[in-house]
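What follows is a pair of complexes built around chain A, which joins chain B in one and chain C in the other.
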Partner chain A sequence: MSEEEMKTKIRDLLVEGKIKFFVGYEKGTNPFLARPVMISDENLEKVDDLEFSVLCSNNLTLYIIEDRKKILPRGVERDERPIGLVVKGCDSRAINVLLQENMIKREDVFLVGLPCEGVVDPNKARDVWYKRSDRLNPEDLEINEKGMFVNGEKIADFDEIEADRCRVCLHRNPVAHDELVWDEVEEPKLETREKRYEKIREYESLSPEKKWDFWKKELSKCIRCYSCKNICPLCYCEECSLAKDQLQAVSPEEKSRRVLWVGREVDLLDNLSYHLNRAMHLAGRCIDCGECERSCPVNIPLRLLYNEVEKNIYETFQYEAGINPDEEPVLTTFGSEEARNEECFL
Partner chain B sequence: MFSVDKKKLDDLLRAWAKDELYVPCKVGDITSFEVYGTHEIDLDFKNSRVPIKRIMFPESETLYRYESFPEGYKIEPEELDNQKRIIFGARPCDCAGIERIDKKFYQDPADPYYDARRKNTIIVGLACNKPPFFSCFCTSVGLSPHSTVGMDALFTDLGDKYLAESITDKGKEILKGLDEAPEDEIRKAKELHEKADRLLERFEIDNSAMDFDARIWEKEAQRCIGCGICTFLCPSCSCFTIENIGSTRKGKMVRIWETCQFPAYSIEASGHNPRPNRKERVRQRFFDKYRYSFDKFGEFDCVGCGRCVDLCPVNIDVREIMVSVKEAGR
Partner chain C sequence: MSEWEPKILAFLCNWCSYAGADLAGVSRIQYPSNIRIIRVMCSGRVNPSFVIRAFQEGADGVLVGGCHPGDCHYVEGNLYARRRLSMLRQLLDFVGIEKERFLVRWVSASEGGKFADVVKEITEQVRKLGPIKEKWEA
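Coming up: the complex of A and B.
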């Protein structure tokens, strides 16, 4: 299918009312990022502006859960039609995790797969642009899979502005999709898995003191804005035990019984427990879409934390999150040999 | 007006460092205001990621400690922070943000914790010769890259020298003893200021065109992920929540930054939430910035630093929204 055919298909689905709305990407005012756009039958013209490019950084699966959480006025029934959305390789794995965890059913979503050879990290691109261009207005800036161009002149290679996660990505083609925007791309070579854990190995080789110093430095930057949690498509709990920010309509009795496991104070200990707890909650689930690290306003290298957990899970269980929707989530099940293992945690 | 040779700046800073001196520093790949001498100083910075409000209104601060005894609770208020501070190099937008926060914290009764820090802090600004970010829009909210709102003194980078201008008595005090600036340096600074002004595109904000029931709030909120970066990093946002940390027997009350973008912010004791969805919360931010504050204090609660535009993970752009609000109202 071509891009144009895909747009026609999406328009048809919306006109026929087969999907509730469609979430894709459009060109926004931030030149380093194509932003999410919701298209329903009210703004059908936006279908023409849908963008499928290297700027499609956001993980849109978040919006399925967001839509679920919406509180409707009394008397209004929930629209149960499926939601259409664009998924890259990493995003489609998030869909699989949601399926495994019974958060959604496959028929709740219509997936437009976007085979992807890497997206731009808006933070990197912005820094490069500020460094190499003396302009204030990025109007004549163009970013594509070849690199970054100002007035047609190349100022950066794509490698320089590519998101870190994409450089070690193992699943470029969506593992779940209904349609593909274009043909599947070549999957990365096997050595990428080795490369994937290079940074982790480097980190692991540090002495405990050095590791502690590293995290002390990084985590004391945290301002506890919770954007890492709020942008995560798999942090879907209606209420987070690590932050009371999402408390929704509850009775006073219920409200008084709420327990917060981690203090909200911004100090190293609380910051550390928040981030470590979150990493544990994402063990065997994190699909490394990198949204937390991208959105972090103080640039904490959060992916290092989650990749470490991912590596441990892979080495212990040979399990990768979000590959097979029919598989049991790895940490909610016991293998027969594990049950007999006396060293078993429980 | 005074003149400071860049070679002698370090001497000046060292002299100021007898108080707690905050300077823009490179911390990892972002700029942050840190105590002089602890990090590598970076005066070619664009702007700090977290605005200087955190120095006077920290992310979290203890208000009082409590402990239960058989005869009742003993409550120990936290000692006020009377440390003398100087902030050097704050951008004009962030300084204006402090002035906006002052208006909120100095309403009767004034907040003693904020007051203690604020009155002991001297803010020395640094004008932007070139607006640092593509998202800058200070001229559209009535400020400029060299505005002196909220500052005690303003520095302007003239290449090999700084032109220092005192704004308040506090500013006069710390600039005492510096060399008078010659006429041509003052003229040069003025030219630089005017040039910076011209670099920014202006758009008009018409808050009377803001319609509470307009479709645009719903439309923009669809994309919002409710992370709150826009408010946490806003130089003029000052909402907080107060949390008990500890147990019912012993603990402390802590004031923590909070944002209207979180559902828990507006939930009431009954469990009712007047702003149940993203639409209401996103709308609240815009109305608070451009309408309510204007009605109450006569100015926008936005200083045009552009952080919320630049750092929004889903590119919700106040400039774009306020322009379309104006067009819709026409």
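Coming up: the complex of A and C.
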């Protein structure tokens, strides 16, 4: 299926009312990042502006959760039609995790798969652009899978502006999809997995003092804006145990009954506790879409923390998040032989 | 100033490890008094945030005791706990809280001697590593 056919198909689905709305990407004001756009039958003309490119960095899975959480006025019935969504390889794994956890049903979503050979890191691209271009006019700028061009002149290879997570991506083709925008791309080679964990092993080999120095520096930057939690497609709890930010809605009695295990102050130890807890909550679930790191205003290397857990899960249980929607989530199950084994894991 | 003694927090399961600790006491087995015990109904009750909180509040070591795998009073609680806590252990190590500060051990109600050994083991390990407050305040 080509891009044009896909747009026609999406328009047809919307006109026929088979899907509630469609979430895709359009050209945004930031030249390095496509903007998510929500199309319903009210703004059908936007279908023509849908973009499928290397700028489609955001993980749109979040929009399903947001829609689900919406509180409807009394008497209004929930629209049960599926939501249309563009998914890349990583995003489709998020869908699978949500399916595993019974957060959504497969028929609640219509997935347009976007086989992806890497997306642009907006920060990296901006830096390169500032450094190498003397005329800073976004109109002259073009970014495609070959690199970055100003007035047709190449100023950077794609490798330089590619997001870190994509350079070590293991699943480029959507694992779950209803339609594909274009043909499947070549899956990465086997040695990518080793490359993926290279940086982590480097950190693991440091002494405990060095490790703590590093994390102390990084975590004391955290301002507890919770954007990592808010943007995470897998952090869907109605009320977060780490960031009770809806406390004002409950009575004082209710408040006093709740135990806060994770402090909310903006200091090093509370930040440590918040980030470790979040990493544990994402154990065996994080699909490395990199949204937390992209949205972090103080550039904490959050992916490093979550990838460490991912690596441990993979090495201990040979489990990868979001590959098979019928599998049990790894930490809510156990192998039958484990009951007889004293020594394993610990 | 008196010499520093490690403070160790232990989460012991009601059915095995807590009874094991009780047996160690009743049998008058000597073990270090650095340990402070919190009884939980099952090692599966131990949320990773409890452990992180303990370190944050100044515990130099944390011990989680449960029934032997396969012997859990609730059949499978300790198996979930094991998967979860083994991940936590590696994560703590990754941010610089040494693995040796956090132990998970299986002690049955009849193993008073083993309980004493476990307490000795973690106390010695933590004593070598020094106070965690130094790390927090450094």
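Convention: the second predicted complex is superposed on the first by the 322 of 346 C-alpha atoms of A that agree within 3 Å, B and C clash if a C-alpha of one lies under 4 Å from a C-alpha of the other, contacts with A are read in each partner's own complex, and residues count from 1 in each chain.
Going forward, a residue touches a chain if its C-beta (ideal position, glycine included) is under 8 Å from a C-beta of that chain, and two chains touch if they have at least 3 such contacts.
Note that the coordinates shown come from a computational prediction; the quantities given were computed from them, not determined experimentally.
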Partner chain in contact with A:182 - chain B first, chain C second, else both or neither: neither
Partner chain(s) touched by A:283 [first = chain B, second = chain C, both, neither]: second
First, second, both or neither for A:33, with chain B first and chain C second: first
A:263 touches, of chain B and chain C: first, second, both or neither? both
Touched partner set for A:299, first chain B, second chain C, both or neither: first
Contacts of A:221 with chain B and chain C, given as first, second, both or neither: first
Which superposed partner A:312 touches (first chain B, second chain C, both, neither): second
Chain A residues contacted in one complex by chain B, in the other by chain C: 263
Of all residues in chain A, those that touch chain C in their complex: 203-204, 208-215, 241, 261-263, 268-270, 272-273, 276-277, 279-280, 283-284, 305, 308-309, 312-313, 316-317, 330-332, 334, 338-342, 344-346
Chain A-facing residues of chain B, complex: 27-30, 32, 46, 49-50, 54, 58-60, 130-131, 134-136, 199-201, 219, 222-223, 225-229, 232-233, 241, 243, 245, 254, 256-257, 259, 262-265, 267, 269-273, 276-278, 309-315, 317, 319-320
Complex interface listing, chain C residues touching chain A: 47-50, 52-53, 56, 68-70, 76, 79-80, 82-98, 104, 106, 135-136, 138
Residue ranges of chain A touching chain B (in the complex, touch as defined): 28-31, 33, 35-38, 43, 58, 62, 66, 70-71, 126-127, 130, 136-138, 218, 221, 223-227, 230-231, 244-252, 254-255, 260, 263-267, 291, 294-295, 297-299
